[in-house]
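You will see two complexes here that share subunit A, one where it goes with subunit B and one where it goes with subunit C.
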Partner chain A sequence: METAGNLVLLRMVIAVVLIVAFVFLNALIMGYLERKISARIQRRPGLMEVGPHGILQLLIDGFKLIGKQLIIPKDADRFLFRLAPLLSFVPVVLPLMVIPFSSKLQGRDFDIGLIFILAISSLNVMAILMAGWASNNKYSLFGAMRSVAQNISYEIPMLLSLLAVIFMTNTFSMQGIVQAQNKIWFFLVQPVAFLIYIIASFAETNRAPFDLPEAESELTAGYHTEYSGMGFSLFMLAEYANMFVVCSIATVMFLGGWHGIPLPFGEYSNAIWFFMKVYGLMVFMIWVRWTYPRTRFDQLMNFCWKYLIPFALVNLLVTVVLVKLL
Partner chain B sequence: MRNSGYFRDLYVGGKSLIIGLGVTLKTCFLPIVTVQYPREKLDITPNYRGHIELVRDAETGECPCIVCGMCARACPSGCITVKGEKKEGEKKKSLIEFKLDFTKCSLCGTCVETCPKGAINYSQDYNIAGFTKEEFHYDLIKRLEEKG
Partner chain C sequence: MPVTKNIPQEHRFFLNMGPQHPSTHGVLRVILEMDGEYIVEPQPVLGYGHRMQEKMAECRSWPGFLPNTGRMDYAAVLPYNHGYVALIERLTGVEVPIRAEYIRVITSELNRIASHLIWYGALLLDLGAFTPILYTFDDREQILDILEDITGSRLTYCYFRVGGVSKDIDDKFVVRTREFIKRLRSRFSMYEKLVNNNVIFINRMKGIGVIDADMCRRYGVTGPVARGSGISYDMRKSEPYSVYPEFDFDIPVGEHGDAMDRFLVRFRELEQSLRIIEQGLDKLPEGPFRAKVPKKIKLPAGDCNFSVETARGSLSYYMISDGSDVPYRLKIRVPSYSNLSVLSELCRGMLLSDLVATMGSFDLVIPEIDR
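For the complex of A and B:
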């Protein structure tokens, strides 16, 4: 009995270590892709100097950031100021524990996996507010306030669209939701919910065109204006990991998770399909970022309350009626 | 027909968003237009006005300067020094010193315009950098000889 408990614990520890390593790797990949794709869209080559086609640039940037001095502004709340980046990093690492990369590759399969992810990742908002407040800087505070308002508004359509899928699968377990899609992927059944989820996830991750919390032209950098060195990079890591989390939820809920063309050792190697889908969505997010201009705040709120929420509600109602009838 | 409305906004907006994505996707596969400066350089236009330099006459291969001093007098910044001497057995003065203090030069080009023999022209040097002022005190005769 005790050895079984120890094995579960060991498994969790290994999973956490791998996931933290993966969060760093993910930030390297995403930082590179973002800069390369933005460059191509602007018809310039982008990173070219460090390593072939600049692939080592982000690694060098990482070393630079580690070496930088941590500056705390004079009138800042020192304790909260140092705590905020850590608090923003932790809630984006935890959800990765329950994401099913393949049928065997998963930190732990909870029966309430989806609720766990949504609950934990909404803590991120508090870290952002804390950072904005502790910096004692009006731009940081503005950015944080915007971020909170935006995240709270967009959580509603996001949850409503995910609920439509939950009604069809009757389970919150991530593994169960993936297994329910072995015949048909849910984005074909629930296209409206998929679209609403994708739009809401742009707002949740503070990505363009909803990047008002970090609007450079108005707020210098928003809530992380005052951060330097690793404080800043923890926020960036969290941002990219957050992108990965929302894209993995989209993949699990709508794109069939690890389902794909069967491979040998499918229980593990199907993770390839999962990663391909997630990175496909993330490249789409980058593409969108470098296409659209930033929305105004009233437009952002109008779009959420006038379009996304009513459509999500109608979609949910139709789903419920159809599930009951069929 | 109204220009805006709940569903009309949704349709028009959605359509324009998709068109926008198409535009950037197409741009993504177009060739790169920027020049990677230290690796590749553009040719400088012949109209480029760098600092002045002495030129050789196309026929004789000698500098046609007659040491009249018009350029030094015309220079509003006083950055040109011309010296000449009459050598034994020669009819006219020959040039022994032509110095340019490029730190003062404002690239107005008056010297080039006043030169009666067309002995001065603009150079094509554009990426000039140095650590001391003295590096910009050019000896133009030496430059001409080095150019060959």
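For the complex of A and C:
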């Protein structure tokens, strides 16, 4: 019994180490993809200097950011100012523990996996509010206030759309939800929920066209205006990891998780399918960001409360009735 | 969305927007008295880029001031050149060859397109869309290349001379300009699809910053901002100068006077400018490109005014001369200054995001205001 417990603990430790490493790797990949794809969209070459096609640029940027001086603005709350970037990093690492990358590759399969993810990832708002408050800058505070209102509002349609899937699978376990999709992927059964989830996830990750908390042209850089060096880069890491989390949830809930046509890689083909789906969604998010202008704050909130939530509720009701009948 | 209720004093705070702010396009500073995200009282602060251009004009002989005209509105320089040389021509009575006038009109319109293309990208940048500015800069680059070939510079031109232009245009210019016209026309549908019909963009621009005709008159608003409010006032038509009367073009006007109308007016002006250039190239007469002018012209005593239409509105040079070759006084009336002065009244009770959209729709060039 004791050895079994130790093994579980060891598995968790390894998973945490791998996940933290992966979060950094993900930031490198996403940073590169973002800059290369945006360059392609804007008809320019993008990164070309460091390494072939600039693939080492992000590493160099990382070193540069580590080497930068941490500037703490005058009259800022020093403790909270330093704590905020760290705190923004935690809620994006923990959800990755329960994400099933394949049938075996998973930190731990909780029975309440989805609830765990949603509970932890809503902590992110606190870090942003803390950053905005501690910076002692009005623009930062604007960004933080917007972020809080936006994230709390958009969590509702997000939850409602995921709940529709939960009613169909009868389980909160991520692995269970994936296994329930071995016949048909849920985005075909629940297209409305999928659409609502995708829109809400843009708002949850503060990505354009809903990037109001960091709206460059209005609020300079919103809540991370005053951050430099590693403080700033931790926020960026968190943003990309957050994107990864919401896209993995979308993959698990709607796109059949690690299911896919068998590839000639044996056991790894499941994981490859999973990553392909997640990065496909993330590339879609990048594509949207570099295409659309930003919405206005009141429009964003109206869109959530007037359209997304009612539609999500109706969708949920229809799902419940159909599940009961069939 | 005007704030109708009275906001208690303790709820208000000041937000300093600029002089280093990404969407003030230069060194404009706006002190905003805010209530949450609503603006109670905006107050523009000018003068961060003041270079005493008018005083400089009083301190040097009049040809020496010609390069300075390119340092005010750096986005649309040639109309500034045009106004100044035309003023001297009117004052001294120099006749300009017809070919030179055609070259002036063609190059000025090219410059107007370049300026509108910068504005188009910059407005979208203010609204958070990053991609269009690179497309418009791509198009603008073609104009800069064409103009560089004949004027020698890419931004701050000093191309017009009293009695004509400094260098004649050649066949290569004509061919390249025609190519550019074709290229830009083919890009319009892309811009319309990407931006003009975008629902987020329309929602950001419709009904924002409505200026009525009365307000335009009170503040002396001109250019596309006034035309967006339905006032068909364009120096090229209302006080025709150069050879503009010989061209067939329309003055686009808006209906509601909101940011969207100002946007559409400028967008349609691109097509009108292309029409002018096309006709100019078709009708381009042969002849000298510069009149025979004595090396040193003395300005006769007296005063004189000349107005041209720049990309931003009507620009007036008013010169008082005492008979020497140094002007006694040169007053420059710039369009952006009057257009900006609307801001205080217009943006009361607006959201911060709408202020950014409104200022973007004004197409302000701050060095022109500060000069």
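Just so it is clear, the second predicted complex is superposed on the first by the 319 of 326 C-alpha atoms of A that agree within 3 Å, B and C clash if a C-alpha of one lies under 4 Å from a C-alpha of the other, contacts with A are read in each partner's own complex, and residues count from 1 in each chain.
FYI, a contact is a pair of C-beta atoms (placed from the backbone, for glycine too) under 8 Å apart; a residue touches a chain by one contact, two chains touch by 3 or more.
Bear in mind the structure is a predicted one, so any value in this text is a computation, not a measurement.
Measured by the number of subunit A residues touched, the leading partner among subunit B and subunit C is C. Contact with subunit C, but none with subunit B, is seen for A:F142 once the two complexes are overlaid on the shared chain.
Contacts of A:P191 after superposition on the shared chain: neither subunit B nor subunit C is touched.
In the superposition on chain A, no contact is made by A:G51 with either subunit B or subunit C.
When the shared chain is aligned, subunit B comes close enough to touch A:I37, but subunit C does not. In the superposition on chain A, contact is made by A:E218 with subunit C only, not with subunit B. Within the superposed three-chain model, A:T291 lies in touch with subunit B and with subunit C [touch as defined at top]. Of the two partner chains, subunit B is the only one that A:Y307 touches; subunit C does not reach it.
Shared-chain residue A:G280: touches no atom of subunit B or subunit C.
For the contact definition in use here, the residues of subunit A common to its subunit B contact set and its subunit C contact set are 41-44, 290-292. For subunit B in complex with subunit A, the residues that touch the partner chain are 6, 10, 17, 20-21, 23-25, 27-34, 36.
Subunit C makes touch with subunit A in their complex at residues 1, 13, 15, 21-23, 37, 124-131, 134-135, 138, 194-195, 198, 200-201, 203-204, 351-354, 356. Only residues 38, 41-44, 138-139, 142, 208-209, 211, 215-218, 220, 290-299 of subunit A touch subunit C when the two sit together in their complex. Within the complex, the subunit A residues that touch subunit B are 37, 40-45, 48, 287-288, 290-292, 306-307.
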